[in-house]
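Note that the chains are named A, B and C in the order they appear, and that numbering of residues resets to 1 at the start of each chain.
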Amino acid sequence: MPEPITAPAIELDGVSKAFGANKVLDDVSLTVRHGSIMVMLGPSGTGKSVLLRCLVGLLRPDAGRVLVYGEDVAALDESRPRDRARLFALRRRFGMLFQDGALFDDMDVGDNVAFPMRMHTDLSEAQIRAKVADKLRRVGLSGVERKAPSELSGGMRKRVAFARAIALEPDIVLCDEPSSGLDPVMSATLDELILELHRTLGMTFIVISHDTAEAKKIADTIGLLASGKLVTYGPAADVFAEGQPALRQFFERSTEGPIRVL
Amino acid sequence: MSFVWFVRHALVAQFSRLPPAEQFLRHAVDAGVGSVALLTLLIFFAGMSLAVQGYGAFVRMGGQEFLGLFCGIGGVRELFPVMAAIVCGARIGANLAASLANMQISEQIEALSVMGIDPMRYLVAPRLWAVVFTMPLLCAYADVVGLSASYFAAVVQLGVDQGTFSAQLREIIRWQDLAVGVGKGVAFGWLVAIIACYHGYRAAKQEGAAGVGVATNRAIVHSTVVCIVLNMILSAILYA
Amino acid sequence: MSQRRGPLEATLAFLDFFAAVLRCLVTGPHFWLETLRTMDILMRRCLIPVGLAVAPVGAVIALQGVGVFRMFGVEGLLSSMLATAIFRQYSPALASVMVAAQAGSSIAARIGTMKVRGQIDALAVMSVDPLRYVVVPGFIACLIIAPLLNVLTTALGLVSGWFFAVVLARVDHGAFVDNLYSQVTVTDLWIGLAKCTLFGGAIGLIAGFAGLRTVGGAAGVGRAANSTVVTTIIMILVIDYFISLLLLWLGV
């Protein structure tokens, strides 16, 4: 089990973000404990992906602070050279699993997974190859190194992307809709994978999802984002016990409740 | 799907029935009106360049009074139609290829087929007609703009004698030359359109966004090269 | 990258972008291997189209020139006109236009694809600066291959002009060769190369800029490739005109 670390991995403090008149995040504050699995639920188009992108500085919030191990990402402006360097350094603590994998088309699977190691470490080619094989084994895809991303199925692509995200064994792994576009068995496999990696490598996971089964299975902290507001947030057991109406609506797949889409 | 197959089917679709008027009009306006500003800008500078560069070359040999001849022949017979073809290959061709490729990868073309609509007839034929009709007009327009620009550069900027320049233009440019320029426009237009539609149509669904990029790139490059080579062949046949 | 798209905003953003690329050029790290790879790819892609597009120009100049020069009984001078036109003007301008069409559009399409598929974000999250990893290599590659291709196309243009004039139009071979270099100097070659370097660099920059600003999925990729080619061709013709005017004025 991971040793107890008291400093939180992520702290959001009053984060807001709007695109034009559309408020995507509205005064969101939360804390993610180091070594936990946080699942953020919410209907599509409610700013979950925006939240994720704010964490790594791909987007800057209009207001509020985004602390990553105590450092404010929101204060860093990518267009200023010094901030840019700081931001890129900070991002090395993250691994990110993109929704469609975002594998590089012009590299084979092995090179995709090796890419972060080639960029950021001085490992020899043999060591890198061994690590790539290890990461691919962890996601259950041994021996696919020489395949092109386009030859893989959606589920395999995602798992390769997962291997790439954990290549440098980052502190925090961000997963953007890991189960979207996958069949239930493959989704369950990915969930198992997250749990397995969490247990063996002790990483912090932040998972964006609209899959309630996934949330139940892996989350130790759970949040619900609706219309840009953090409706509920807390330890999974408490949140489920509390029976918050929006959350209940989400779990019951009901059109009746506080969340309105039509 | 081979190019020959595609051309055969496109020709059948193009000539079996005329396209619906509003479809044709929409694409013709899109290709023609949409290109006018770009074409004007480019041909104007090309025409001025022709005069300035010709002047630079002739000054060395002491024959600057032949500038009118040079601009007339070089511009009307060759440069302006070819420039028009390159510009339209880059703009019209790229647009056609990108839009068809996008329809292909988002399964819209399959959807058409499933609905019993022949994409060749519905999508390709109106575009072919539209560009074939528009390009000669653009070429004629390019001749006018280009010659005015050469005249402007030669007479106003470089101080070549106005009477000599226009007399030479009148002497060297015959109606046949203008007709050849317009005729080249028809050929260029059809080629730009068929090449662009072919590459757009051929985009593979699995490639996604990359397929659109590849189709656009190929449409631009292939149509430019084909137009330049065809221009040489036509010139060799007509003027040699 | 900003979503607003006024011309003023685009110009300012481009200047910003230019400054950032320059900064990346001066400071490390550099991805030389990626630069070489990009150069290799672009060179392979450009060689045939650029050659095919520029070679006919020599023949066309010879073809139209023969008639006129014969009219005045100075067909021996044909080759000097041909050499001047090719060395200084047509080879650099057309080679650059073709590099814009081929290399520019493929760079913009590649970066645009990476952008809409989230690969640019993925690079950034992996702490690899996309500017350094994808934009700068394309910029350097264009900067280098454009003048290289110009050397090739200058030679091809002369050969095709010679072929038409001497082999087909029966201009005297001796006169052709004797007069070939009577009007051109090494300066003309340098001017051509300098123009190509300038245009090549601008193509790489504009392509990278358009690629990184791609929005709107697959259709956006097509737009990025298209706008790159259109913008660069305009730029090449306009700048080329002013350079010609300047050189004429300087008497070079």
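The rule is short, and it goes like this: a residue touches a chain if its C-beta (ideal position, glycine included) is under 8 Å from a C-beta of that chain, and two chains touch if they have at least 3 such contacts.
The structure displayed is predicted, hence computed values, not measured ones.
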Argmin over chains of |mean CA - global mean CA| returns C
Ranked by contacting C-beta pairs, which pair of chains comes out on top? B-C
Taking each chain's centre as the mean of its Cα atoms, which chain lies farthest from subunit C? A
Centre-of-Cα separation between subunit C and subunit B, whole angstrom: 20
With chain centres defined as C-alpha means, what is the inter-centre distance between subunit A and subunit C in Å? 43
Cα-centroid distance, subunit A relative to subunit B, in whole angstrom: 49
Among the residues of subunit C, which ones contact at least 2 other chains? 113, 117
Per-residue multi-chain contacts in subunit B, two or more chains: 210
Any chance you could list the residues of subunit A touching two or more other chains? 105
Residues on subunit A engaged by subunit C in the complex (per definition of touch): 19, 53, 56-58, 79, 81, 84, 88-89, 91-92, 94-96, 98-100, 102-105, 115-116, 119-120, 164, 174
Subunit C - residues contacting subunit B, complex: 49, 52-53, 56-57, 59-61, 63-64, 67-68, 72, 77, 80-81, 84-85, 88-89, 97-98, 101-102, 105-106, 108-110, 112-113, 116-117, 164, 168-169, 183, 217-226, 229-230, 233-234, 237-238, 240-241, 244-245, 247-248
Provide the residue numbers of subunit C that touch subunit A in the complex, in ascending order. 3, 16, 20, 23, 113-114, 117-119, 121-122, 124-129
Interface with subunit C, subunit B side, in the complex: residues 38, 41-42, 45-46, 48-49, 52-53, 55-57, 59-61, 66, 69-70, 73-74, 77-78, 86-87, 89-91, 94-95, 97-99, 101-102, 105-106, 157, 208-217, 220-222, 224-225, 228-229, 231-232, 235-236, 239-240
